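Read from first to last, the chains carry the letters A, B, C, D, E, F, G and H; within each, the first residue is number 1.
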Amino acid sequence: MYADLDLDRTARRGYPEAVYCAGKTPAQVAGIAATVRGRPDVITLFTRAEPEHAAAVLAELPDARHDADAGLLAWPPTPPTPAGGLVVVVAAGTSDLRYAREAKLTARYLGRPTELVVDVGVAGLHRILGHLELLRRARVVVVAAGMDGALPSVVAGLIAAPVVALPTSVGYGAAFGGLAPLLAMLNACAPGVAVVNIDNGYGAGHLAAQIAADPPAADRP
Amino acid sequence: MYADLDLDRTARRGYPEAVYCAGKTPAQVAGIAATVRGRPDVITLFTRAEPEHAAAVLAELPDARHDADAGLLAWPPTPPTPAGGLVVVVAAGTSDLRYAREAKLTARYLGRPTELVVDVGVAGLHRILGHLELLRRARVVVVAAGMDGALPSVVAGLIAAPVVALPTSVGYGAAFGGLAPLLAMLNACAPGVAVVNIDNGYGAGHLAAQIAADPPAADRP
Amino acid sequence: MYADLDLDRTARRGYPEAVYCAGKTPAQVAGIAATVRGRPDVITLFTRAEPEHAAAVLAELPDARHDADAGLLAWPPTPPTPAGGLVVVVAAGTSDLRYAREAKLTARYLGRPTELVVDVGVAGLHRILGHLELLRRARVVVVAAGMDGALPSVVAGLIAAPVVALPTSVGYGAAFGGLAPLLAMLNACAPGVAVVNIDNGYGAGHLAAQIAADPPAADRP
Amino acid sequence: MYADLDLDRTARRGYPEAVYCAGKTPAQVAGIAATVRGRPDVITLFTRAEPEHAAAVLAELPDARHDADAGLLAWPPTPPTPAGGLVVVVAAGTSDLRYAREAKLTARYLGRPTELVVDVGVAGLHRILGHLELLRRARVVVVAAGMDGALPSVVAGLIAAPVVALPTSVGYGAAFGGLAPLLAMLNACAPGVAVVNIDNGYGAGHLAAQIAADPPAADRP
Amino acid sequence: MYADLDLDRTARRGYPEAVYCAGKTPAQVAGIAATVRGRPDVITLFTRAEPEHAAAVLAELPDARHDADAGLLAWPPTPPTPAGGLVVVVAAGTSDLRYAREAKLTARYLGRPTELVVDVGVAGLHRILGHLELLRRARVVVVAAGMDGALPSVVAGLIAAPVVALPTSVGYGAAFGGLAPLLAMLNACAPGVAVVNIDNGYGAGHLAAQIAADPPAADRP
Amino acid sequence: MYADLDLDRTARRGYPEAVYCAGKTPAQVAGIAATVRGRPDVITLFTRAEPEHAAAVLAELPDARHDADAGLLAWPPTPPTPAGGLVVVVAAGTSDLRYAREAKLTARYLGRPTELVVDVGVAGLHRILGHLELLRRARVVVVAAGMDGALPSVVAGLIAAPVVALPTSVGYGAAFGGLAPLLAMLNACAPGVAVVNIDNGYGAGHLAAQIAADPPAADRP
Amino acid sequence: MYADLDLDRTARRGYPEAVYCAGKTPAQVAGIAATVRGRPDVITLFTRAEPEHAAAVLAELPDARHDADAGLLAWPPTPPTPAGGLVVVVAAGTSDLRYAREAKLTARYLGRPTELVVDVGVAGLHRILGHLELLRRARVVVVAAGMDGALPSVVAGLIAAPVVALPTSVGYGAAFGGLAPLLAMLNACAPGVAVVNIDNGYGAGHLAAQIAADPPAADRP
Amino acid sequence: MYADLDLDRTARRGYPEAVYCAGKTPAQVAGIAATVRGRPDVITLFTRAEPEHAAAVLAELPDARHDADAGLLAWPPTPPTPAGGLVVVVAAGTSDLRYAREAKLTARYLGRPTELVVDVGVAGLHRILGHLELLRRARVVVVAAGMDGALPSVVAGLIAAPVVALPTSVGYGAAFGGLAPLLAMLNACAPGVAVVNIDNGYGAGHLAAQIAADPPAADRP
């Protein structure tokens, strides 16, 4: 057997496990999808799904939701009723959109209410400033940015909530596949910036969903 | 004038600004400390303070709390009454302790209750497993680790709360000043890991304090 | 002549030489295979064989064993009778499986008994802990892992035998083609970790076979 | 002879040559200073002067202007009458000040009018926005920043003049000695950003002076 | 909506915004082109346009100028009347030509007079010296070079005007995708070199256009 | 408490834990040494001990063995009776000697018989070939080398036993602190090379001791 | 015009210029080939020629010699009468052969006598030692090697003539596209090693031809 | 014994072995010097000698020649009668002088006639062009340069003899300890450039001496 899916992870950690498709054969992904079918009580996400992975999943789970841009499938297709604080996802440019969508969908399927804001890079500050009210309503903001990775610093300086910084591999040569924004985000001059891996929209969305979860009743003021 | 301290930042963002001493002359730090003296309503942290920076601060603010190991000074010296969720700070080894302390103190001065756990590296899993009950009570766990940076993955796999991963520059040659644990943490195989800069205990503590803050009343279930 | 195959290497070092196909033309590989045909007393491995390399080998040695996932061919196809200590090969995730298989097959064709364990990443510690009895029976354990490369540290902390750490190029952007797990493994906080090159399942299996060889009679207690 | 000073460079290029002291012995620097003494018609700058270099220069040229923070000496000490457009130099934080001063002094000794603005990092946007009128009066703006290197993008988005981006080695571990802001500046999402070497205040000031020079009369509208 | 085009940027900054096509779908680019059609008073550039992007633009703006080598489209197709100083663009080798053309076209569409010089690498100094008179007439020179990136240093040493250095990804293995010339240019031993991102001809041309702009009348001698 | 020493590790893994002194204060190291004093049944190693660490250990454990070159202390001072196969440690040059000694002492205190060979770099092949008989008697060979790191490949090609390759930080600029030999060793063209961290003599010796341990009686032919 | 071919280079430097095809369009290469046709007195090499470049050259110069493996064309096709010392080219493995051939052909067309030796990696020292007599007859030896890049050190230690080390991009992950052998060669522990760029067989052959040239008569003993 | 000096190397390779002092204790160096005393027929060089190394050598060999700037000692102190072709050593700037001197002295003690040229960087081309006649008389030219490492390309384009390029660690931040000129030199756009390690003046001088050696009589035209 090539996979030992951790279906009780929801019980243990409170969040479902995702199936990372990259590096798996479509047959392996199909086998996992078949296993999942017996557990409609648990939402399963398939991330980094190329078209052939998606086809393999849909053959087993025809009603799965498939977002091709984000390379994501979710089954069962209906996300949970929103609970917890608002997750706002911001894409610096259109080219960052696919990763921003992956983050937004992940947070939504993990149970949070979500909003998406696009094309608000720091080269035109009026754009991001125009969304200040929404940003200040969020319990966490995910900021996807390539190139100089400057937007998370700016957003973190404007709000009290934490920022999840998602570097993307968008940019010219010296972006070095996302290294430039990754380093910029790790060095954000405003505190409150949590960095995840390059192009890892799933990780950003998952982390945001955890941060925006309501505290357990016993732990509330 | 060489600095334009943002004393209203507490009002705007809800958290005080810190003074990053590295790269400043003691005279510059003293000048900032003198400015701060008039604002006892705001807690100011001085981070990365070498002994000569600390002396400069203490000359202006003699009752400031000084933690020499962590390179941190706080004034006024009494932290706020704890509020919000528990922040647990974990140091993989004794050599990571100074950064873990910086994180713990920062979170405490930003208002959270905090606990510290030391010497629980993954080479002896029974150590971290022995603290499982405490870890599961935390609203966020900060994990400071050098070398292989493996501990945040392990901790994130055990709890539902998010983990702030703090890579340290501890280790042999190919740790490359913290690059090895930094990369490991960015690639954590468990979701829910928020990475900050190498040796940046202040940043880890600040982020943890934000995550563990209670949601505003209007945003609560 | 473009290759000077070292067929007496078995006599000299005790292990056959492998033919590394990457960077060779199929015609060159076929030529080597033809040479090998006259030496059925020596097992030859063809590693990193793309389909066109495999076809070239099979045209000369039709009964060679071909494991397409692992990119490996072996001829003669029957491995030696197992001798020496047990080699356990562990794959952290399904995506690491191809390299784990390459390691397992190499160790097996070099004469060791082998076992394979899959999908036991550190994000769910109960998985690896469930195989503890098997791990402790091994004379050496090969651990293939991408992403954070944390599993070798954890395994090395649980057993007395050495661990061969095999970093794989599996992961998101900041894995940098296997650099992240490679560095993590070199910095393993548990001693007893022997690192090989990224994705080099052949090298890991060969090293494991050497470590698990029985000492010569003259060198035994 | 260990140096072949290009004193006619002023005539040829229009700007004096600087003496880069790092890596030279004080005796070598003194020798160069002695040569310079005979040419008061040409301004000579000594950059990266450690205290022992400065002493060597001052022994030969006692009235040279010495800015110890910036590691710069100028002789003759009086800068030229200002000509050309205004050069505004901006330091993101106090720790960037020494490089900003080096840039400002260089541009001033090369004949431009200059202004300095300090402590206007992007974590508090209101700071830089408060200097917008001055920034828009500049013919070129030099922006010195370490950490995330985000400020040049923001400034370039606000003005029509070009920005000279000066990365500094200020910051925590993953700033990697200025690599992080360097890459961020090279990837600035706003066009119009000219990058120079890390901590190279002299180079930034020189480039700014060239950009802000008045076009030759023959080349004017 | 996936993009929030900043059409008033011309008014605010004095230069039009460009649409960076890489990472955008043709449909997204077409949508932006449709928006642009209503604003013939503003020149819009589409950069890094693959053939499918170009087709999408041309479907909406059939008379757009398309330079396939440079991956650039401009609409409206007629550049402004030349104003300001001359921009000379130099390509070290034929392989650098596409990026040099992108720089030249950008500067031209932003309103400057431009000239192009090709195949003048430092391995044959007589080539570049043969263009000295033209180089000295320029108000700024853009130098595109891969490999050793040595040409900007040489050119900067010959003229009084600033040099915009454009590293290209041309070269053998250890050019590392343009890293070698990028570092060489950042370390140019002649002052007056402004570096932009690898292969970023658009950025080089834009910066050159800004530098060569005539000073506003109020700011002129 | 700043450390939770794992004194039962000997029972669990069969080898004592070492105390890594780098990054610990002398007071912390002294505290650990005091704890150790009550357990003379377990050998404890103190590695990377600077003189002040050594003094702190010796104050608590006056009869500890101290090898200042190797930065190592051992207590109790008498190593165990040799058992298992021979560990031969090879230092390519005199400058690698300190790390080779650290490896040899570690293997010896972990119970193996050991031999040391010095100054046998590949620039004079006759040197290493002159030790062939000894190398072939070893059950494992540790090879410490800086610069080009070529020696492990050569040794591995000469013997049947595995080689532990220990890269050192010895060398000119482009050795990059041991990166050059580290990469060379990971890419050894002879199989059977197990790589450890740069300058990590302790790790090399520990791994060698594990490899050279006699198989348990139940696991012997 | 896109190229300014330096046909007088033979006269000036004594060696013909090569046309580097990578990054040029077939049409550009064809144009250069057409220019060359009028100068049969000068040998021109076309390097890094992909099949479409080769076709373009052969359309203009049908009798050009084309070595497809080496990606090289030469015209006129007959090399000069051999003169100067012997150039021996050594390929560590079969996968390095294409670059070794490029070096050998280049040296031959530049006028030297040449020999080729293949598959003599350091994992089997007897192979290279078997060619010692030939190696000692050479006036310079070119050594092409990937992986650990150890062969140049070994060869340099065996002979009095200089070694040109040619790193190749052959190898597993941590070879990082030739970086590993490049660094190893730069750090060769035997003096007398001249390093060229990764996979740059042309450069290696050219340098070897220069080194092996007979001194001018006036400069001879 | 910690060193096995290869005193017969002169006989075997034709050149004496050097003692690399860095990383050796003064006592170890003294021991080697004592051994050398008995062999006045062989010249021994001590490289990278810090003052304490030099003192140790001079205590054993009081008449050794010591060049403190170059960190070099030679014994016996008188170099051989010059033979072979001229070695010209060029230092781009004064800061490169120490490495240029190390190269010059090494070549001289290995028997070549040598000349030194200083301060001829490419920022002022007239300087290097002024030495053209001398450069063209050399059988090999060593070029030491830091910063952009552009000078070897320029020199190689001017002469027929090979160039040994010696990168130095001189420069601002993004020189990264000599990485920038190293990469530039490996990517030199003029063929005929042989690169050695950063700051490795000894290696450059040794290689130059080998290249400039007269061919053996039997191998002469």
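In this section, a residue touches a chain if its C-beta (ideal position, glycine included) is under 8 Å from a C-beta of that chain, and two chains touch if they have at least 3 such contacts.
Remember, predicted model here, so these are calculated numbers, not experimental data.
Common neighbours of subunit B and subunit G under the contact rule above are C, F. Repeating the D-E interface, with the same residue numbers in over half of the contact pairs, is the pair A-B out of F-G, B-C or A-B.
For the pair subunit A and subunit B, the fraction of shared interface numbers is greater than half, so the two copies use mostly the same residues to meet. Annotation, subunit F versus subunit G: rotation angle of 180 degrees from the Cα superposition, expressed as a multiple of 5. Just to note, of A-D and B-F, the chains joined by more C-beta pairs in contact are A-D. The chain with its Cα centroid farthest from the Cα centroid of subunit F is E. With centres defined as mean CA coordinates, subunit H is found 42 Å away from subunit E. A straight line joining the Cα centres of subunit D and subunit F is 50 Å long.
Subunit A and subunit E have Cα centroids lying 35 Å from one another. Residues of subunit H in contact with at least two other chains: 93, 124, 146, 157, 171-172, 174-175, 179, 182, 186-187, 197-198, 203.
Interfaces, counted as pairs of touching chains, are A-B, A-C, A-D, A-E, B-C, B-D, B-F, C-F, C-G, D-E, D-H, E-G, E-H, F-G, F-H, G-H.
Considering their complex, residues 1-4, 6, 9, 20, 22-24, 28, 167, 169, 177-179, 182, 197-200, 203 of subunit E touch subunit A. Across the interface of their complex, subunit E is touched by residues 92-93, 121-125, 146-150, 153-154, 156-158, 171-172, 174-176, 179-181, 183-190 of subunit H. Contact residues on subunit D toward subunit B in their complex (touch as defined above): 93-97, 118-120, 124, 127, 146, 170-175.
Across the interface of their complex, subunit E is touched by residues 13-15, 18, 83-86, 139, 157, 159-162, 164, 182, 186-187, 191-198, 202-203, 206-207, 210-211, 213-215, 219-221 of subunit D.
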